[in-house]
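These notes concern the structure reproduced below.
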Amino acid sequence: MAVAARVAGVLLTAFFFGLTFEGIGRKVTARIQKRYGPPWYQNFIDVLKTLTKHGWTHGWIFDFGVVMALGGVIATLTFVPLGNFVAFPGLDNFFVIVYLFTVGALGMAMGMVGTGNPWASIGVARALTLMLGYEVPYLIVITSLLYNFKTSNISTIVEIQSVNGWNIFRFPIGALVAFICLQGMLGKEPFEAPIAPAEIASGPMVELSAKYMGLLMLMNTFMEFVEISIFVDLFLGGGNYFEFLLKYLTVWIFAIMISAVLPRFRIEQAVYFYWTVPLLLAFIQVFLVVAGM
Amino acid sequence: MLYDLSEMFREALSVPYYYLPLFLVSVGIYGIVSQRNLFKQLVSLGLIDTGVNILIISLGYIQGMEAPIYSAVTPIAKFVDPLPQALVLTAIVIGVGVLGLGATLLIKIHERYGTLELDELKFSKEHQRWQEIMDDEGDVGV
Amino acid sequence: MITLLIAVPLALAFATIPLRKLARLILPVVVLANLVILFALKPHVGKIIELGSWPAVYGITLFFDEVAFYFLSFVNMMFLVISLITRDERFSIPLLVMNAALNGLILTADFFNSFVFLEIIAITSYIISTDKDNALGSFKYLIFGGVASIFYLIGAVFMYVQGGTLNMAYSSYIIGMSNPELMKTALVLFAITLLVELKVLPFGLWVPDVYGNGSALTPVVLGSVVSTATVYLFSRLSLTFVDEHLPPVFYYTVLASIVLSQLGALYQKNLGRTLAFASMASMSTVVASLLTRQESVVSTALFYLFTDALAKFVLFTVYGNLGVANFRNAKTTGIAFTFSSLSLVGVPIFAGFWGKYYLLKALFEQENYVLAIVVLVSTLIELAYVTKWNIEQWFAKKETTKGEIENIDLPFVQKLFVLLSALILLVIGLFPQLLLDKTNLLAEKLFDFQLYRDIFFGKGGM
Amino acid sequence: MSNRGNVKIDERTVWEKIADQLRSRSMWMLHYCTGCGAVELPPSMTSRFDLERFGIGPMATPRQADIFLITGYLSVKTLRRVIYTYEKMPDPKYVIGFGSCTINGGIYYDSYATINRLDYYIPVDLYIAGCMPRPEAIFEAFTKLMEMIRKGEANGWKRYKENYEWYKQNQLRSLGEVIIHDEFHE
Amino acid sequence: MQNILLVAIIGSVAGYLLSLFYRRLGPIILLLISLYAFAMLWEIPSNTAENFLGYDVLYLTTLGKYFALLSLIVFSAYAIFNIVWIETLKTPHAFNALSILTLAGTLGVFFTTNLVVLYIFWELTVFASLFIVPMSKSEAKRAAVWYVTITAIGSFAFLFATFLLYSKFYTFDLVEISRNLSQLPKPTIWLVVCSMLTAGIAKSGVFPLHVWLRNVHGKAPDTFSAVLSGQLVKMGSYLIALLLSIFPVTTLFPHFYGGVNILSYILIWLGNVSILVGTLMAIKQNDMKMLIAFSTVANSGYILIGLALLDQVGFAGGLFHVFNHAIAATMIFLSFAAVVYRTGTTKIDELGGLIHRMPVTFITYLVGIISLAGIPPTSGFISKWMIFQSLVSRGMFVTEIFVFVGSIGSFLYVFRPLAGVFLGQLKSKYKDVREVPIIMQIPMILLVLVTVFFGVFPGQVLEFIVGAQKEFGIDAFQYEGTKLITSMGYWDTWIVFVMFAVGFLIAAVLYLITPKGKKIPLEDQYTSGEFLHNFDLYHYASRFYAFLEREYGDHPSLENLYASLVNALKSLGKGIDYLVSRTASAYVFWLGVILLLLWKGW
């Protein structure tokens, strides 16, 4: 039962804090644009409003895709350690989380293309290409970390950091590369080509009416929660639950600030960028790790 | 006078025995390599045959002996070695056979291509048709 | 008694002119008679036959031992099959004469005698190669054959002048004792003439035009029968009488000939010429392994020779009669063609595989890596075009441009023999030991000059 | 929401009420500018007036939009697209008509190409007077609409559903077959 | 083992004869033979030696048993599918006979460690499968010739090495050879091992010799490409696994980097390049079968890397990936065969929206690509996870780049047929396409169950792999029930599956309590206000990753290189042909040249 409680705890934190931080994010963007912006609970209202509307479905594959997407991301969420609060202590292997994460992505992609709208296919094609872009340097940097600590268990790395200091200071280049890739994962401004509202009518979400939009927004929040919490666990060390949330917020605000001011990359520019600058930095990081930094 | 002519002729000829056949064979081979006319090649083949036959006979020659024709006048002991001459007989017969066959083939070629000149032969329509058969492209290229 | 093998075909060859209507039957009957005589005389193997009871050194002698027996049986077996298969009896006279000459060539122990038989074979093969009115190709062959044959004559006469006798055993023994240098030059002269018939490339340039003329008779007769007899003579001369190597020039030309003829075959777009090049390649492989002068390699070379001759027989007969066939409506012929072509390439369950397997094994034991690699590379190239042609014929496009194919399938007789030889290849493929023991015996016999000479000196007469 | 004997009896269930509360606080506007009034929207969304404070933001597709702004005169061709898009929007949807052109055709009332009365074709919940109302008027309208939703009076979409036939007839009469046949295709 | 082989060989002849009466009997016989062989083989304990027709050459290693069972699964699925599919073939009798012969050949290869017998069965398989390839399209003929020639390069190199070893040790038995292999001088060891591995590399389509894969798998008869890429490619991987584990590679070759010897490092680099080539080329393909053919190249690269690591986790990962790729490739090709059976075309941009007409085929393809891409609930992830763990623990970061590009790239190219063929707008031409008959659906569903079952309970497959590792002295992979343990960390397949189910449940609950969406037809799409009358065009499938392809558009193509090489050889042949068609004067000239050489080079 303790496991169920812990899992519920993780999910509720993700739900509650995810949406609140998104609200705070919108407020920060508004502030940057010299306006007040919506209240912090605006995202709760948006999600619940969409869940009450009467939308349309494009067949069983569309529903199955949306449910699989949300289910996959929830499953990934349960394995992610929040600071020292972990649902399954030993089992949060980094590769398992990254690849379980792709179940959600594949479910969403399949559902959206299942609607039959070519905007969605273009959006998903861009999303997958972007993923090819940011995933390679990200995995290289993280594996160099894993190689350094000789374990691929995130919670053990969290404990190590609580002993001898945050990794962000020991591997500054790695942290930088990870953050750039994080920006890509979140789908925030410089790398927003897959869901560009003006170009391809918000990409995959073109046919999402009412509740499907709500479920997908929830999924998006959980995805962001997973991505940022992995970054925080690996680079900003341990500490109890509240310290974790504080670090989460700072990283989130930092990401929002960058995305508020930057225009949008074209998709091949994004991949070209990812495979030159971050990959080079990742290699420098690897060289340092292997050379026994 | 007649006698010293043959004498003078004999000194001129006192070159080693293989000069004449070598000369004949090389003329024959040059003939085949250079001539563009098929019939001339056949003639040069004949030339080579004769050259070789002469070589064989000269091999069997013993200085100062007589031709091995068995008649009352010539005693047994004074013959040159008769065996190469026997061999030459067969060789000549074979040469005749080959040349005869060559001539028939030439007639056949002439009937078909209308010429014996190698250059014209190449561009005759008959040759073209044969060339096409040679390269009808099967649809499987390696 | 054994002289009947030469006399009967020669005599009856010219008897066919008056007996016009019997012409079709004479050839098979004669060849059958040869076989019967041959097997009847099997127990008297290892005898000399002095013609006209002149003693060995002076008279013309025939020598009938195991090697001669197996080669004769193979040659006459092939002749029997050919005679049953050919439908046009225009060539029955030259074939009979050639049969006599072939038997003579294998039996004779006399240099000039072998020259005469060689020349008769040459003339008859010129005549046969004019099939499908290929006069130009045959004329070229005639000129080149004529030029090349003079070397054999010169060599024979030299052996006579030095050794004092035309008998092979005597003269090679005496010359071998007195000055081996001349023996070597004589062997080179013999080799030049024989290599023309053995289709090694610089000498075998005439082969594609003659073999590729589309007739079923020429390539089979020349390819399988005459080449095998010439291999016998070549191995007899170069292995038994001379125990040094031929000059290295020959070895390198033969190696080059293997690869180049395979490449030539790869380029060909016409099946006939491809098969011609293929037979050149396989014959040069046999010659190359003979030149290595090691007994194990020679025995595998003979194994390879017999299986290859059988396979080529099938391929040429099918091509001769059907051209580029569509096997979909000639299934059994197709299977036979594929079996023999795969055996040619060396696919495991066929005889060709054991040919290549034993050859490579022997080569590796002798550390002769160069020839092994050449054989492997040539098989690889052969694999490419053989597969191409097999697939081309199995999966031919239904609507062939030249309207309906005139001869859809082989007539029954030919189909029977083609299937029979394909099955023989399969049987040898499953039980290679049958043929291997025979070839080991042959190789061992070919190498001991001692036995060959003692019989002559011991004057065992008929 | 029927007002028999002008006593408004609220027939909505508790869930409906909560839902309306939510719908009023987070309205998504369809990013589809049909007329000249659309130019007023950007200033209302940027830092001076900031529509996002009320949870109102532009959405790219009708599938996610709640409010449909008809910002000015409607030509026949645009009306065809407006109806096609209106039917694409999920159910509780509200229409706001900008300016007098949507009420009686405005200054183009006598043109052959414009539609004089928007209400015949799609149910309009709210009109904003003014030949292109300024952002302040737009804010006035939005707060009015939020207040109507909370009270459950903004039932244009229900009216459209109930007398769908009437609307369809008006549309057919003036546009001919809406979707299939028009001058571009057959 | 001997009677399995004999039954299979006799079965092929019986298959030919029986299918003359009724063409569907052939696949039934193939099915019976493979089931019989599977049952018999399951009982035979590994390391049993038997004789075959008198020669004691058969020796069953655990590795051989594992590969044989895997190939029997593939062949039985292929046979069931064929029962109905055989109708579309023009020459079914030869097809049946040759496919049974291919089965016999592959089983023969797995049952022996005697080099010559291995070569014989190897050639038997190659030539049996050769004649099946051109049975479909006409341009498959050219592909078949390429297939044989390139595989022959490998097998002749293998033959060369076999005889070289025979001339040194006078034995053909691999185990004995490996025991005293170290006596040979260093260069000979290199020559022998490399030429033997070439056979494996040629057959499994690894980088330098992968050129034939695209055409052969793309143009072979549809179900046979399932066997080709699912099973015949695994023969190459089997040979590599056998050689790497039997030969004492770690002691023979010096240590190079990250605990890996020089030979394995070269193999790993070959694997890397084939992953890169396979992935990038697969993304470009528009023909779905050629796309999956290139994915086979990439996955053979994965297997090669896994096997070359030769350690506790990597080697196990390589072997497990053999299982996953075989099953996944078979599933995908069977679903493509079903699509082609109904629509007749393999081009992605001509198809679309088939999910609405062929749901079972879609599910098979979906689970197939989930396993191929290596996503957790299916078995594909386990093997990729193992390979990643091994690579990370050794710190081989350059290889990791290629491996990550390969695994992420696999999402891209598997998604292209998913979006182009199954999802999106249903073309009007295929409006009335029906689902494939039941018999075709059975193997597909069976394979789906197998993938998901082994994804959650990999115990049975791991048991074989651990057995193979113990047999060759590599320290075995540890696992307890469903928990996979490595030095770098462990995870539990069962708990992941449960949590995935829980997540799915929560999402389903959320989905059900909210108001139900109304089903609308496929034509009711947001078209930004535009009226569309021909929805066939409203489908994004051709040049799916145009922006990515532009990045590496003008890449060097190995196929053209090989083609130009062959043309060079043929031009040499043309030269010979020119010489030959000259007249007698030329012949005599060459005779003169030889005489001159003789005269001088006496």
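Letters A, B, C, D and E mark the chains in the order given here, with residues in each chain numbered from 1 onward.
Quick note on the criterion: contacts are C-beta pairs under 8 Å (C-beta built on N, C-alpha and C of every residue); 3 or more make two chains touch, one makes a residue touch a chain.
A quick note: this is a predicted structure, and the numbers were derived from the prediction, not measured.
Both chain C and chain E are touched by B. Hopping across touching chains, the smallest step count from chain B to chain D is 2. Separation of chain A from chain E in touch steps, taking the shortest path, is 1. Distances between chain centres, each the mean of the C-alpha atoms, put B farthest from chain D.
Looking at contacts between chains, the pair that accounts for the most C-beta pairs is A-E.
Located most centrally within the structure is E, per distance between chain CA means and the overall CA mean. Centre-to-centre separation between chain A and chain C, using Cα means, comes to 79 Å. Between chain D and chain E, the centres computed from C-alpha atoms are 59 Å apart. As a whole-number value, the distance joining the C-alpha centres of chain B and chain C reads 28 Å.
Mean C-alpha position of chain B lies 67 Å from that of chain E. Multi-chain contact residues, meaning those touching two or more other chains, occur in chain C at positions 139, 143, 147, 266, 268, 273, 384, 388, 391-392, 397. Chain contacts: chain E has residues 138, 141, 145, 149, 524, 526, 570, 583-584, 588 touching two or more partner chains.
Contact of a single residue of chain A with at least two other chains is seen at positions 52-56, 201, 206-207, 209-210. Screening every pair of chains for touch gives A-D, A-E, B-C, B-E, C-E, D-E. Listed in rising order, the residues of chain A touching chain D in the complex are 26, 30, 33-38, 42, 45-46, 48-50, 52-56, 197-198, 201-202, 205-210, 213.
Within the complex formed with chain E, the residues of chain C that make contact are 139-140, 143-144, 147-148, 188, 192, 201-203, 205-209, 247-249, 253, 260-261, 263-268, 273, 277, 328, 342, 347-349, 353, 357, 360-361, 363-365, 367, 372-373, 376, 379-381, 383-384, 387-388, 390-392, 394-395, 397.
Partner chain B is touched in their complex by these residues of chain C: 112, 116, 119, 122-123, 126-127, 130, 133, 135-136, 138-139, 142-143, 146-147, 150, 153-154, 156-157, 160-161, 166, 212, 214, 266, 268-270, 273, 324, 384-385, 388-389, 391-392, 397. Contact residues on chain B toward chain E in their complex (touch as defined above): 29, 32-35, 38, 41, 118, 139-142. Residue ranges of chain D in contact with chain E, taken from their complex: 32, 61-63, 81, 84-85, 88, 179-180, 182, 184-186.
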